[in-house]
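Encoded as structure tokens, the structure appears first; notes follow it.
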Amino acid sequence: MNFGSDNWAGATPEVMASLARHNAGFAPGYGGDPLTASVGRRFAEVFDHEVGVYFTATGTGSNALSMAACARPGGLIFCSAQAHLRTDELGASEFFTQGMKLIPVPCRQGKIDAAGLAETLAAYPEGNRTGRPTVLSLTNATESGTLYSAEEIAGLARLAHDHGLFVHLDGARFGNAVAALGVSPAALSWRAGVDIMSFGGTKNGCWAAEAILVFNPEGLGDLNVLKSRAGHTFSKARFVAAQFEAYLADGNWLKTADHANGRARRLAEGIAAKARLAWPAEANEVFPILPKAAIARLKAAGAMFYSWPAENLEVSPDEEVLRLVTSWATTDAAVDEFLALL
Amino acid sequence: MNFGSDNWAGATPEVMASLARHNAGFAPGYGGDPLTASVGRRFAEVFDHEVGVYFTATGTGSNALSMAACARPGGLIFCSAQAHLRTDELGASEFFTQGMKLIPVPCRQGKIDAAGLAETLAAYPEGNRTGRPTVLSLTNATESGTLYSAEEIAGLARLAHDHGLFVHLDGARFGNAVAALGVSPAALSWRAGVDIMSFGGTKNGCWAAEAILVFNPEGLGDLNVLKSRAGHTFSKARFVAAQFEAYLADGNWLKTADHANGRARRLAEGIAAKARLAWPAEANEVFPILPKAAIARLKAAGAMFYSWPAENLEVSPDEEVLRLVTSWATTDAAVDEFLALL
Amino acid sequence: MNFGSDNWAGATPEVMASLARHNAGFAPGYGGDPLTASVGRRFAEVFDHEVGVYFTATGTGSNALSMAACARPGGLIFCSAQAHLRTDELGASEFFTQGMKLIPVPCRQGKIDAAGLAETLAAYPEGNRTGRPTVLSLTNATESGTLYSAEEIAGLARLAHDHGLFVHLDGARFGNAVAALGVSPAALSWRAGVDIMSFGGTKNGCWAAEAILVFNPEGLGDLNVLKSRAGHTFSKARFVAAQFEAYLADGNWLKTADHANGRARRLAEGIAAKARLAWPAEANEVFPILPKAAIARLKAAGAMFYSWPAENLEVSPDEEVLRLVTSWATTDAAVDEFLALL
Amino acid sequence: MNFGSDNWAGATPEVMASLARHNAGFAPGYGGDPLTASVGRRFAEVFDHEVGVYFTATGTGSNALSMAACARPGGLIFCSAQAHLRTDELGASEFFTQGMKLIPVPCRQGKIDAAGLAETLAAYPEGNRTGRPTVLSLTNATESGTLYSAEEIAGLARLAHDHGLFVHLDGARFGNAVAALGVSPAALSWRAGVDIMSFGGTKNGCWAAEAILVFNPEGLGDLNVLKSRAGHTFSKARFVAAQFEAYLADGNWLKTADHANGRARRLAEGIAAKARLAWPAEANEVFPILPKAAIARLKAAGAMFYSWPAENLEVSPDEEVLRLVTSWATTDAAVDEFLALL
């Protein structure tokens, strides 16, 4: 019954097989190998668009190096107050950008809306002395397990572009968003106005497969240089390429995401029959409000999960908000055991 | 006949098996897993000393984050003019340290000696306005495939400590040095005065297994924070730990290094019978001076290698200096084929 | 009728005379001159405490270099949402600290209170992944022209110290605060728990006389190095020292501050008889809420001032909030002319 | 007998008078005042070219912010080994540029020549992994008191531009160079290919008057933003403008420079009659090689000066190299007293 995080799982059999398959023989280092090149072409097919592909070591690396590619002195990054790059990366984006400032945009259930964004942008016009508006960073699926539709992304991106901003997407759980919304990767990215994104494979079945995808390179810094200078250029890059090859083959990434989403739905439905959810579970995360007694019982039985801040929710002193995350490796049995204990 | 670099090889069967073995089940993320903890203890055994172990994504990451841990404003880093962190990392160490300056120390065949170091340190006394002497960084085996003995390291480290410097070792090929010199890992590191080192497994049989080892934490910055802020904290850290487990088990790392060193020796001896070596091949790199005609013939036959700057060597216009690198995957057959073509 | 800012005035006759007096002859550069040393001792007398004195070029320089002296990787700086270092310095503090993050603490009329600070600190415990709590920065007089009493500073500083933070004071208008509160400089600084402060003379009668004062150097970085690396070490430092000599002599700085405060009070009282003030004018800034018609009339007559965000104030569409700043050079005549026009 | 440095002198009577003249009344802050605008136009006249003028606090500020304006990630700055920005600024240029690396070009008597520059540029081609060639920085008059002719500057700049570099001139003693060479400011700057320069007034008769001049803004970062973020934007900018107004009026800056150069020539001629000069004194610095006994005698009589590294000069154990600097305030009497003592 492990719902700690989707990064508690290992790698899928397909990823392991691909690593084994591509282990033989010699290949040029630092991404000069043919497998890396072929994975680059594969990304272009998947996204139906020319795309620059830059492997990094971690999602934090992708986010912070994306910001560095967009950076200008004294720049501002607009993001939700819950954005991973604001709350969980120890200032990586500020560090890589010589100190750009993150401006939190009001959000609800992890999502910002056009009105909130417009109001925030109006408070920081070009020429103000707090900083220079430079990037809008969105996360989809969000840190709250909710989803932006393609139209919502497009609306926010339009507003951002009108103000001269780059649009970045943190896609640590992009597979979960695509699978849940049933739209194309293109629809949720460049067609909606995304210029650059962090594309994560690690949470959804790889060991360490993260990439920055650039759809619109205009005005961006040189990511090959930024990566190397940050120690994010793997010498044996084919080990990342091999993971992505398996990940993107045969729609594997959407199958694993769909599996995770399904287990979250099953969990959410089961919980909703007995208790409250803080908000709907749209991807692979469920946020129930549970009595502390039930939580203690679940823990005692070995269930693994984390608490979540209650913030604006109506939560009694006897209750707590939890975050339950499912992954490609979550079984129905684990879900049902959890529900039974509840 | 691939002598391009030791990072052109894949991972050893032992490393692949360990990844498979540790793939099952769930484990806490970000290095909180038991395997990572056990690998930490294993490092302490191997080095016969308490040691802080910090995984990073790449050797550049290890070097630059090591410098960041030692950093102070306006600091100076002393290293050989050929040091990888100076010549091959696009300013990573300067970037991570808010612009510390690298001061090249005169070197011969990749090695600096006590007299040259003493003279350079004398030129930058505490209080000078170029910068504040802060770190000595040595590489062993060196970028020229030569070796510092334990005594040589100790002599340089003593000098550095007398001037209040931290001593860092770039051990991208540390296994090759230990295997070639036949001494203990301890003798070449903390016993010789090394405070912090970049320990590389990637070139010697792993996919991506790099770590910073801290023997003497006094005065160093918090590497967990520095790593996270740089995007070098893997969420599924066990995939690095699994590689190191196999790497360090049963002396595997010294066996692969010894294999590589032996292939280099065989290559060097064979070449020496027919042509000149720029200097002795002490680890897993060979630097012959070959006629351009022979080089063309080798290339035509599919041999892979890189040129090397001639600098102070006596090289005729018809000749060139090459760098040939062997690895755990280099076969005698490849060596012999190369020699036959020569 | 110039109420644009206190930095629109020139230098006092005393400051000009001191510059002339100290212009003769040769003096060592970079602060090694006897006048700079004597000004250092004078600061110690004025503050009744040993104090490190570091001249900088601007208030922004003082604030950002103070943050740099306190910095640690991934650090957090707590300040009011209106703090000058957050809203008016284009990210200087983030730039100098390799990207520390500013966390706004809720404030009212420019002041934060103990409850708001406690709540904010609780949201960022040591070990959280947003960042590491490092500094509390307060401004006195505040950006809203209000004042912290010595007791209020002490209460906030105690809370900060309990959480292991450094306490910084932005004293761009420190003279106005000391003069208005009628307490000693010591009472409003180190006795209240301030570790390091930006001491500004420019707004209150100098050309460019700013200094960082360190009351408690423990744990701080080397400000001489930080300053030099930032280009804030004047070669002819005696021109700053000469300004401070005149500024601190005979209580001149409190006389000019008292003059400015008095003109603000006269202005506030006059306005209050005819219109509303957004909040009381406690130092040398007045924030009236005026009908737009009156504002237009004042502008037409040549009055100079800026608008101020209405935020939570009750302001009708026909009204606007203004900021009126007085200085050592503001005359009663100018105040009375303004009031007459109103 | 003060020959310590040209920054040991105060400000000229003309500069003091201008400060007094412009002290009256109110003026917009942060460089928005009419005097600053008029000084900007005056610079354009003096240089016979459109020019962006950005005041800074110090020469180090000008150099480091110039480098920041030119910066790109992983960039290289080529300069002489003696360049002030390399040897005397505690890493300011590296700090402001996120760690660009300074590559010393071989120099003789403070000057680099075309052959040495060509060779160095060839060693760092675009695409090398040490860094990306980005700026050539020259100093005129040099740190050794020697001069580049307009043709020499032009030759080096052409080479630099051919390699895609920006050309920066450190003009801390630009007045001395112009006065000594008897050519126009234009000839020694933009006509010779200089894109951006540090223009110093402080050493030559001002208190603190330094500016970055931009002749060719193409590809450069926004200096207004870079300056503000660095705390180099004076609120009462008119005090810098007032100094420059007097400095540039009536050729004052060339008169003071000519005076300093003349005193250096008198000193050099007098010394040459009795002892050796390390090299000719072309501007306002003299480098004699003197017997230690004579040096002791001079010091005992109150003469002030500094030693200089002997490096490649033939200097006996009984001798030392000195640096003697003259300024606008140096008198013939002081020179003659020095010579008499010698």
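By written order: A, B, C and D. Residues from 1 in each chain.
We adopt the following convention: contacts are C-beta pairs under 8 Å (C-beta built on N, C-alpha and C of every residue); 3 or more make two chains touch, one makes a residue touch a chain.
In this text the structure is predicted, and so the values were computed from the model without any measurement.
Colleague: Counting one step for each move to a touching chain, how far apart are chain A and chain C?
Modeller: Shortest path length, in steps: 1.
Colleague: For copies chain B and chain C, work out whether under half or over half of the interface numbers are shared, and give different or same accordingly.
Modeller: Chain B and chain C contact each other through largely matching residue numbers.
Colleague: Based only on mean CA positions, could you tell me how far chain A sits from chain B in angstrom?
Modeller: It comes to 34 Å between the two C-alpha centres.
Colleague: List the centre-to-centre spacing of chain B and chain C in whole Å, with centres computed as mean CA coordinates.
Modeller: The answer is 51 Å.
Colleague: How far is the middle of chain B from the middle of chain D, if each middle is the mean of its Cα atoms, in Å?
Modeller: Once rounded, the distance between the two centres reads 42 Å.
Colleague: Any chance you could list the residues of chain C touching two or more other chains?
Modeller: 73-74, 89-91, 95, 98, 129, 132, 225, 228-229, in rising order.
Colleague: Along chain A, where are the residues that touch chain D in the complex?
Modeller: Answer in residue numbers: 68, 72-74, 98, 129, 132, 221-222, 225-226, 228-229.
Colleague: Quick check: in the complex, which residue numbers of chain A touch chain B?
Modeller: Against chain B, chain A makes touches at 2, 4-5, 7-11, 16, 19-20, 22-29, 56-65, 89-92, 95, 202-203, 207-208, 225, 228-236, 238-239, 304, 329.
Colleague: Per the contact definition, I'd like the list of chain D residues that touch chain B in the complex.
Modeller: Within the complex, chain D contacts chain B at residues 73-75, 86-91, 93-102, 129-132.
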